[in-house]
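Both complexes below contain chain A, partnered by chain B and then by chain C.
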Partner chain A sequence: MNNSIIRISIWVYLAIFFIYLLGPLVIMSITAFNSPSFPRATPWECLTFEWFSALFQDERILNGIKNSILVGIGTIILSVSMGLAGALMLTQIWPKLRATYYTIIIAPILIPGVVLGISTLVFWDRINRMLGLGADSFLSNGLFLTIIGQSTFIASYCMLVLVARLQRYDLALTEAALDLGATHAQAFRKILLPFMRPALASAAVLAFLASFENYNTTTFTFGEYPTLTIELAQKVRYGITPAISALAFMIVVLTVFAALFNEANIKRKEVIAKARKEGATVGDVTSGVKLPGFFTGNAAAITLVVFAVATIAVIGTATVYSPKQCIANVQEQKRLETQKRIQELRDQRKRDAEAAGQAGGATGAAKPSNNSGFGGVFAPGTLQGGDQGTAPADDAGSSNNSGFGGVFAPNNINGADN
Partner chain B sequence: MSAGVGVDLENLWIRFGDFVAVRDANVHIKGGDFFSFLGPSGCGKTTILRAVSGFLEPSEGNVLIGGNNMKGIGPNKRPTALIFQNLALFPLMKVWENISFSMEIAGASAKERRKRADELLDMIALSDQGDKLPSELSGGQRQRVAIARALCAEPDVLLLDEPLSALDLKLRQHMRTELREIQKRVGITFIYITHDQGEALTMSDDIAVMRAGVIDQIGDGKTIYNDPATAFAASFVGENNVFRGKVLEVNGNEALIRTNRSGDLRSRISTANLGKLAVGDDAMMFIRPEALDLAPTGTKGENFVTAQVTHEEFEGNTFNIFMEGDGGKEIKVAIPNHGQSFDDHTGQAMTLEYEVDNAVAVPAGELAAE
Partner chain C sequence: MPSFLKDFFNRNGTLMGSLMLGLVLFWTVGLIILPQLSMLDFSFRPNLPPPEIGGPKDVYTLENYKYLVFGPEGGSQDYNAVDLKVFFRTLVAAVCVTIFNLILCYPIAYYLGQTKGNHIRILALMLIIPYWINEILRAFALRIIFGESGVLNTILVGSGIFDTPFDFIRNDIALYAGLGYAYILLMIFPIYNVIESLDHNQIEAARDLGAPWWRIHKRVVIPYAKPGISSGCTMVFMLSAGALAAPQILGGPSSLWFTQLIYQQFNDNSDWPQGAAYAVVLLVTCILLVLAVMRLFKVNMGDIGK
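Right after this comes the complex of A and B.
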């Protein structure tokens, strides 16, 4: 009995853990397909793909993605090579100096990104001036500065990844290569680099992801090359749209794809290795249902294919499906609702005025009911027939029953400006 | 094949900071020989090997290969190939790629490399294993691949750093024979490092016995075993019983030694110490367990030893009797098993006899740790 309680609590804990971990991603993904112009999952109005097309028509986002990829590639090249050099140095340095060296090389990870960003900017500006170059020189180029600035600490991450692999390297292998006539360069290229390849790949992925999501450092160095994170941050300042959810959804899908693909590949290699050991060909391993070799005992591969089929189905639907009718219906419904509410409000005011006339001065006693979480403080209509300037906003405001009372909806801003 | 290239070490000193790893080594290795450095771990034998292969520059002195001074020549330019203790096969390369690595470096085409690798695989009896990874082979197979890889570079001198130490006993004994055969077939100089005197004795033309950076004795297996130059060589190579004492008189190549426990015993003086061992010197006398024989109890003489039996054991091919010896050491006697009946003598006094020629006296010195 005690045992089952423990088991249940473990499951509950797991559920909570995964909800905490994945919940926001799921909600965000749903909002990408909902038609309201403020990203939200409920109430569900209409299935729409317009946010994806909105995303691909947004020049700034596309430009940000392009810059992010450029910076990412530059950072991979610079960080991985610096990380490898640092890792090699760490394994070969005089043992007494090793701890000190390690601390120094790890320090950039501990320094706040903001500091790194500012100091990169200042440092290269100095150098630029010392060399007597103008403001448009290569050294003050945003792409260059961002890559250099990000690499200052991403190289340390790469080094940690590479050191772990390098510690398992047997120096005798290099010596054996030298002994067999190889030069140091040949030994490095033919023996050490192939050995390091898996770690180099991990370091490259890590470097790209760290570069892609970096904001703190980049915000000082981007110059004329705003990366995606910079663009997003600037966009959010003016109100968030589901187009950003659409982008997030795509990133999530790509990540899941990559992860599944990688997993499937690893599984496939295991299956082949196992088959080799048992002296059988891959095809022989399956019994009963004849699956292609790739799928044998490979849950990841099967998930991957299901996932791919689902994606193709969604894209296919998107090209055919048109949410126009649904949106029109919803708008019609909203319009009716709004009219009804305006009517109600008018009635209410009338009643209030009558009550005020009767009760004399007991004004605030009976506030009009409002279904917003903030008790209608944002609904301009409730301001006791306030000034006429806000009246046009009434329409949009009252149709929005979200917790933020529509502050993020761009229409509201327009309305307020009137 | 190569006619055999000699290796000379001239006044070789190797220091690491204050620590002297090799002290004034002078060795002449004849071309085409199987030469072993034998010594306990930490005696500097691997250091010598690294100096010959070029991974280490000597602090003083020279390494000559085929008469050419190797000073300043890197390991990749020397006509040597080293077989590492852990073999150091390239884990990501297939067996044939491993073997032909030196040709890849030299720029040979894949076809040539494959052809040469297959020849070598035939030689080491692994003909159809070329496409496996080293991790898919057994210990003995890996061993042979390492040898093939070294031979593929066509070295003049093959250096082996305790290559058999990771193998189990049966395989080790098998590989001894195999190594010796390969060496005879290719006819190049082998320099072999080991702490196993059995390996050194069975395979080598010549052996150098090393102790703490110093070469104690160089000679062929029989000389080292029968005519040790120092107390260390006598006690490290094979089993030996030690009797400590002072030289009482010297007659030609024989000496009479007053031992601490066993009375006056007569012994041959080892060749290297003829004329050096004088009356009154501290000396050590060594008799091998198999050179001792049982004698009627109580017999007295200059080649009889009487002592208490502490314990006995049956080893299969021999009965071993252990008796109270000198300085905490036991006297071991090995009696060959001919199927005779054997009584328990524990606690009794027994008398042993030996032939004077089978006992050897050297100046007192450090013994090998057991």
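Right after this comes the complex of A and C.
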């Protein structure tokens, strides 16, 4: 009893957490397909793909992607090699220095990106001046500065990934290779590097992703080479359009693809390993539905294929589908709605005026304080009318008339008075 | 040549050894230490046009730091109230975001770390996916939700909770939600890593001895997970105090984040030394704060990043 309450509350908590985490992405993706020019999910108007074509026609975005890839490649090369050297050094360094050294190479993760960007900019600007180079030398080039600035902290991430793998490396292997006559370079290339390959691959992926999404450091160093993130930030700050949602949606889809692919691969390896262990073929492990090779017992692979088919279907629809009719309908509807609203407003005003007229007629003279609510149209005469009864009533009435434009006949007020 | 250097080259070979040493030195000295020192040096200099740099006017001065505390010289106020207020607000808000994230993430990290099963992999995947997506786009997604005519306001007004749309952006709710959102993963993973290695038998034993669930956490899980918790908190605090994208996109028009002031000094006023001074103040304050808290909770620096 108590247990089931805990279980339910755990699931509720998980659900809330993941709604917080994934909800914004889902809603943003939806806005990419809605036709209003401000990204919104509600009210839904028309299914449209025009934001995707708007995205592909945007020169600045395309240029940003190109720069991001250039920066990404440079960052991968520099930070993975620095990370590897840093990790190897950590295993060899003089024990007394190790703690200090570790603090230094881990610090860039904790230093705010803004500070890294500024210090890179200031430092290389100074080097540039000291060498007497002009403002157009490669040391003040945006591409160079961005790669350097990003590598400062991305190399720390790479180092952490590589150290984890390096801890399982058996140094005796290198020694054996050296004993057998290999040079140090050969031992490194043929023994250590193959061992480190999986970790190097994940460090490279991590470096690229970190570089691709970096904003804080890049915003100070990019110079003439705005990366995609910089372009996006400028667009988002000065007016947002669903084209950005479209880009985000594509990144989400690519990410999910990559994740599923990775998952499917891992699963496949597990299945094969299991099969080998039990001395059976892959097909025997999963009884029931028999699927060829890749899919056996592999939910992730099946999801991947379903996902791919869905994507192709959506792209297929996009090429033939035209939302013009729908958009025209919506516009027509909006026009009608606006007209209706204006009409309603007019009617409302008219009714108000009539009601006010009657109410004013009924109470105007009796309760002068109400009159002030009609906004200054009531001259002091009204007050007099209220106070002094019948004698100056005509006077008050005539001043009232001007406010209501003819609704308020002098007779009315007379009638009320009498 | 000192003996340890000789050993080093003997062990790695001259070519590999010098390559390694060169890369490490370039990284630690050329990219980490010297730029920071250079920024520190720069922050003590006046803002001069390029031809005058290195000239007679280029002397050390405390002017840039004075500006942060006292404002422009001859100003009407005794203190630079605007910038100081932004500075302290940033620090307080960063602490609040950190605490919020810790409370939000601890149960998740505990659940992921101590539960076995296939669905854990899927949950972990769902955790990671948002972090492969650009920081700007994550902030943008939240802006769509929190905007004047955003989804949240549509729901709240539609269901009659509010009569008029609530301005989440002007009230900074969007900003705090965005900062919390941006660094969830950095809080979960260090805690998860530690809790995963906690032997479940310890928890069972505590339960068998009659401890209620909150005491199990207080006496067994939290002391064990302390390195992970402090590592996560440090990262979230440093990154949210140094965040720039989320405040620029989600911040209200009248409220600034301290990093935005730095950005303005650099890009709008082109007063680099002033910006560098602000950056130094931010960096030093954050480091001191983190060290103080770590001292308070008796955690070592070496635990960070594990």
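The rule we apply is simple: the second predicted complex is superposed on the first by the 330 of 418 C-alpha atoms of A that agree within 3 Å, B and C clash if a C-alpha of one lies under 4 Å from a C-alpha of the other, contacts with A are read in each partner's own complex, and residues count from 1 in each chain.
Everything below uses one rule, namely that contacts are C-beta pairs under 8 Å (C-beta built on N, C-alpha and C of every residue); 3 or more make two chains touch, one makes a residue touch a chain.
If you're wondering where the values come from, they're calculated on a predicted model, not measured in any experiment.
When both complexes are superposed on chain A, chain B and chain C fit side by side without a clash. In the superposition on chain A, A:Glu263 makes contact with chain C only, while chain B stays out of contact range. By the document's definition of touching, neither partner reaches A:Val12: not chain B, not chain C.
In the superposed model, A:Asp170 makes contact with chain B only, not with chain C. Shared-chain residue A:Phe195: touches chain B; no touch with chain C. For chain A, the partner with contacts to more residues, out of chain B and chain C, is C. When both complexes are overlaid on chain A, the residue A:Val314 reaches neither chain B nor chain C. Using the contact criterion defined above for the overlaid structures, shared-chain residue A:Asp179 touches chain B, although it does not reach chain C. For the pair chain B and chain C, the model built by superposing on chain A gives 9 Å as the shortest CA-CA distance. Chain A residues in contact with chain B (one complex) as well as with chain C (other complex) are 183. Residues of chain C that touch chain A in their complex: 4, 8, 11-17, 19-21, 23-24, 26-28, 31-36, 38-39, 42, 50, 53-54, 104, 107-108, 111, 121, 123, 125-130, 132-145, 147, 149-151, 154, 181, 184, 234-235, 238-239, 241-245, 248-249, 259, 262-263, 266, 272, 275-276, 279, 282-283, 286-287, 290, 301-302, 304-305.
Listing the residues of chain A that touch chain B in their complex gives 170, 172-173, 175-183, 186, 190-191, 194-195, 277.
Chain contact summary for the complex, chain A toward chain C: residues 10, 13-14, 17-18, 20-25, 27-28, 31, 38-42, 81-82, 85-86, 88-89, 92, 94, 99, 101-116, 118-120, 122-124, 126, 129, 148, 151-152, 155-156, 160, 183-185, 188, 209, 212-216, 219-220, 228-229, 232-233, 236-237, 240, 244-245, 247-248, 251-252, 255-256, 258-259, 263.
Taken together, the chain B residues at the contact with chain A in this complex read 53-55, 74-77, 80-82, 84-86, 88, 90-92, 101-102, 104-106, 136, 149-150, 153.
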